[in-house]
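Common to both upcoming complexes is chain A, partnered first by chain B, then by chain C.
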Partner chain A sequence: MSSAESRQPVAEGFWGDTGKTGLGSWIFSTDHKRIGLLYLYSVTGFFLVGVILGLLIRIELMAPGKTIVDAQTYNALFTVHGVVMIFLFIIPGIPASFGNLVMPIQIGARDVAFPRLNLFSWWLYAIGALVVLTSLFTGGGAPDTGWTFYVPFSARTGTNVSLAVFGVFILGFSSILTGVNFVTTIHRLRADGMNWGRLPLFTWSLYATAWVQILATPIIAITLVLVIAERVLGAGLFDPGRGGDPIMFQHLFWIYSHPAVYIMILPAMGVISDIIPVFSRKPIFGYKMIAASSIGIAAAGSLVWGHHMYTSGMSDTAIMVFSFLTFIVAIPSAIKVFNWVSTLYKGSISLEAPMLFALSFVLLFSIGGLSGLILGAAATDIHVHDTHFVVGHFHYVMFGGTGFAFFAAAHYWLPKFFGRRYKEKPAIVGWAFMFVGFNVLYWTMQVLGMHGMPRRYYDYLPEFAPLNFVATVGSWILATGLVIVLVNLVKGLKSGEPVGENPWGGATLEWQIATPPPTENFEGDPVVTHGPYDFKGVVKP
Partner chain B sequence: MSQESAEHAEHIVSYKTLVGVWVALLVLTVITVAITRAELGALKVWSALAVASVKSALVIAVFMHMKYEARLFRIILLVALVTLATFIGFTFFDVLYR
Partner chain C sequence: MTTTEAIDPVFMFILGSCLVLLIGITAAMVLFVVRYHRSRAPEPTSQVDGSLWLEVVWTAFPTLLVLGMFYYGWSSYLTLRDVPPNALQVTAVGRMWSWNFLYQNGKNSPKLYVPVGKPVQVALESKDVLHGFYVPAFRVKRDVVPGMKNHVWFVAPKPGSYDIFCSQYCGTSHSAMIATIEAVPAEQFEAWLKETKATGAQHPALALLEKHGCLGCHSLDGSQKVGPTFQGIWGRKTDVKTAGKEHEIVVDEAYLKRSIVEPNADVVEHFPPVMPAFAGVLTEEEIRLIIDYFKTSAGGAKLDGAKLAREKGCLACHSLDGSKGVGPSFKAIFGTKVKVVRNGKPEMATVDETYLKESILKPSAAVVDGFPPVMPVEDDLSPDEVSALVQFIKELK
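After this line comes the complex of A and B, so read on.
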């Protein structure tokens, strides 16, 4: 690191080499790194909004009866928390921010295949977000349907559902365009020698994700238009009184929204697959199987949407088929977990912040995945359907999984792009708070659900009060950890110790170029001669 | 690579083919309308879907030039179509047995 300390990384690389500054150089830039950072700032902003809403939900549930808000506001709180977290944070979270920042460099390209389309995707995201936010404060008030917009309630409620779903419709197009861009980029712009067997696993996971974005997202877009048609024109598509079918809405909604959880988790798995070998100083165990399992999860995960609908009145045949298929998805997921653990075996493990977040991902995702099997099995699902068990389960997968991977990626890759790094000690303290708070909050929720506490209810029976109090305290510990981690990251990236080209000793291409990378990424056209986890000759400073 | 050359080769479809496809589409539209009036029972939906499939296949192959494109693009299109068919097919595990 000694050579790096003498240089001033800020205002170097893509931050300054085009000579353009000001807001316009960002919001009209076609550089994948700048667009990646635009996404990063946007999704982090919405993540914080979602966190505040989540904390308010927990405060309301701290004790039975009214605590801080009335029932209607509570309905709006959990709806907006869901919409913001799902559509504005987790779906674009890792692929659009870190995918844009890192993927083109990992494959040896100067940019994505369609840089202007990339910028347009961010603009669609910004417009969609604006529309969603407008829906909260106009018309009949914030939507109160839950993030799933189920009919018949969503067709009848007086709240501003039409505008909110229109916002989500626009966000869907942003996601589709990112998918198209990434598939094309990975097919067309790989450097010489970067064959499919040398593709970093993060890029492999983005490739699988992009396919799901392209194939599944149009279905939610159409479905949401149908909801608007139902509300505005009274089309009767989902109204049995007029020959419609309310369960059809659930099919259409989950045909997208279940694969969407793989849009959320696959890139996170890619992050973990890239971090674990670097911090174990060992090539990844089972490269081919991890790459193939990404495609396997994307394919099998697209066929299991019915497991959200066991109590909807769907046919028993469908319940059995979807239950069986749900268990199939566990196989590629388990392949990944076993391969990560095998990579650690006899590795030279260093427990720095990215690795701690990555290891907690493996544990928390495994807990979430196994509780998912309880929900995937039709018989047990009937018992815990629509309880806090489901809420605990998906927070284990989505926050314990994708959320922790997001922070792993932030600690791992952001120093490369900012040229400075965070302090290690506060990062670890923050991680510890997050990890403890997380488990206190969501494990308790799973127990509450097993005991029969329903989700989305404003009030509850007195016997649920002690555990609800514990869960709320957990949310405060988690929030404390989040604040420590974020403050340390922002301070470090702004004015921390400068870093060199390869602070972690990684073998993928992003660690072979200058820090921060220049706008064109590579000085010449790179030629790839070894695999992404071949650490021979790579020295960790 | 042959793929590259196939992509850049411009293919101009003759007027004869274009008009032929247009006439075929008109005839198929007439058949679609006729199906709605015929007593076919459960077969009605399948017949209408079959005609619609043929029509879209013609549009995609000729008007959208997929017939003259590189193999990769045709595979990608096929993946999309198979996915859509699978989604619709799996929904019938519910609809047919409810």
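After this line comes the complex of A and C, so read on.
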């Protein structure tokens, strides 16, 4: 295609077919695609904020003693890094952005079940985010409690914990309402012929996720209100001097926050289950097992919160039960990995950017999952709990898993919605930097943890210095890759080459409609006649 | 068996299994990607979308493996909980941001001295927020939770120093909350443990006071218990009730003797008349010894401000050598003028006794410019202890 042609405007689709333009047509739109993009822009913005904070943490830890900031600032840095990354990026990340963009089309619907509620959810997200940001610059200064807000420290620190916690409380409602919306949509709005056995696995994963959002999120909302009651009213709920119990806070916190890990990872697994078959041109291996394991993970994952608390002083009986259940959750995760790898067997594999991110997801998630076994076993967890091993472990799952899946999804689906695509070469170079930098950074952290370096440490003993330096260098390689990937994506989506309806040869419904999709997605009501990974009738790209 | 010996084989087993699985998964992926790359395999050569046999195998195999890991991990964990019966008992007190270790004979130390080869049980106590007692070398860790009884045990196999880290985040100087275990040969440890007695703290009367339970109701450190404190008792002026009538007395030999033998004759104001009589329980000689002790040590001996400053954790943030810590250095601070922030407004303050007292009791009232407002409130200090600390700071040149 010549460069003259590529400058031609692409067909408008939902970008212009309503005739409405300007900011108002976005922030008051009820179109699931516009709301999906609003989420995408917001979560990516906060992701970048989180990345910068993370890089500052690594620079501070580059050498023992003070490097760039003092201890109090460092404590605020890792707290805000955690709060921003978890509550403003990963939890809404894939489900609210790509879920909104893609899920209604995948099931053959014109929109979600409650479009105005969907818009309201984004507004709650925006307001919650604003409150969290305000808390950083007002009152006693940025919270310094860690994202876990453990009492009694969070009840007595002079920093602006109450406002930050209130912001997270609002964000929780955004998450609950999105969950309600998605469950209803998937139950009620499937097109003719779209039975549960033909549901794309991304949609299956969103369905499992939505239930966790609905059931678990209210618990953190209540817990956070209790923290505010503790701080403002001196309620004494968590103060042993007044009959309260600090361990009870940890139970309440993790009853939500462990299932939240599955809110973060399940949609990512769904993305991968959709991408691998397309780039192997082969049906997914074990469709039913993958769908069932999503539900299995969501159910069993809701019962394992205590594995964050083996050292807390909780009873040994509780430790035994939680350790046992934790190992049970490992099984459906393993099943997924084996099925993904088997899908590759005898396929016709194309290593384009979405596939590279997806395959590296499988590897990084496996490392994260396997190091999780060390944390699940009572004997070994005691040594590595609250050390850099845990930090490395959950970054493998959250960033290597969900983060890489987020980029896989961006490279896979965004050309469909923007009508233009990024350049392939820079995407691959950027991916390579990210993959190498990622492992240098987080593998090293796991080793540091094995050697006993505790987490949330501003300063450390000289014996930890060499590995900390290596990890910091890793963070720079990773950041370089991120910059290349993001610049290439943004440039490509703005002014790259136009793409057709089905650039990858996908068999799910989103690839059967115009690019970019029109406002109500389908002309007429679609009728589904084949499964999501049935590539027989699909024209090769 | 040491804790390390119990835990490390579990690490080896799980790490080894994980490594095998990881290599297997990676090898399969790489092999498939290379072998079935579109350049070599333009068309897929199979459209198989599942296999019941395979699903059963790769459900059953990980299930057995993880159940094995669970059982091995759990049974070895029990070693960490099963304290050997002959363990030495020590209490670790964590506070923001220092450790103090208390031994059963009343000795305390900022370093945890232990005899080599003998199991040690450490009871964990927090004065404020959550802390974590973590000794990487021994693979033990347990949170230190206010209001809760937690413990760890370990045995140091060789003489040497081992790090203790605070593993549960506790605020500004969390990472500075490091202490060491000094493992020394048993004889050396015994000698070290007895050292305190030699330096005079252990008056023979103290054993008597302990034996007869006096210290259950009367403190030695000024704190309020059921009865008046013994600290500074000699020569104290106090109001007592005799046969329902109030009058002031000065604590002297006659008063003390009567109070031991016939405690409800004169009862100090605001205290309940509940002390049992010790007539016939203590000999004349023993009573003389106790009164002698009150006359000298408990009454006369001043509180050691330097010792307090260390035990109460002040020195974790305030240096003695002028170097900047989390808080201002104590060195030559008395009499200086400092810029403080009071009620959000900056003002100048002179570091005098009033200012120091306020800073100890209400640290956030006036915070020195350039320092974070993070000092914890010490609500368990007696007025005498506060004075001793002020005196200590005053004399630091």
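Note that in this section the second predicted complex is superposed on the first by the 530 of 541 C-alpha atoms of A that agree within 3 Å, B and C clash if a C-alpha of one lies under 4 Å from a C-alpha of the other, contacts with A are read in each partner's own complex, and residues count from 1 in each chain.
One rule holds in what follows: a contact is a pair of C-beta atoms (placed from the backbone, for glycine too) under 8 Å apart; a residue touches a chain by one contact, two chains touch by 3 or more.
Given the structure is predicted, the values throughout are model-derived calculations rather than measurements.
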item	value
First (chain B), second (chain C), both or neither touched by A:Asp316	both
Partner chain in contact with A:Val337 - chain B first, chain C second, else both or neither	second
Contacts of A:Gly158 with chain B and chain C, given as first, second, both or neither	second
First (chain B), second (chain C), both or neither touched by A:Gly306	first
Partner chain in contact with A:Ile247 - chain B first, chain C second, else both or neither	both
Residue contacts with chain A in the superposition, chain B compared against chain C	C
First, second, both or neither for A:His187, with chain B first and chain C second	first
Overlap of chain C and chain B interfaces on chain A (superposed complexes)	247, 313, 316
Chain B-facing residues of chain A, complex	187, 211, 214-215, 219, 247-248, 251, 255, 302-303, 306, 313-318, 321-322
Parts of chain B lying in touch with chain A, wherever the complex brings them together	72, 79-80, 83-84, 86-87, 90-91, 93-98
Footprint of chain A on chain C - complex, ascending	6-7, 10-11, 14-15, 17-18, 21-22, 25-26, 28-29, 32-33, 36-38, 41-51, 54-55, 58-59, 62-63, 66-67, 69-70, 72-74, 76-81, 128-130, 132, 134, 136-137, 139-143, 145-148, 150, 163, 165-176, 178, 326, 364, 372-374, 376
Touching residues on chain A, where the partner in the complex is chain C	70-72, 75, 140, 144-146, 150, 152-153, 156-158, 240-241, 245-247, 280-289, 311-313, 316, 319-320, 323-324, 327-328, 330-331, 334-335, 337-338, 341-342, 344-351, 359, 362-363, 366-367, 370-371, 373-374, 376-383, 385-387, 451-452, 454-461, 533
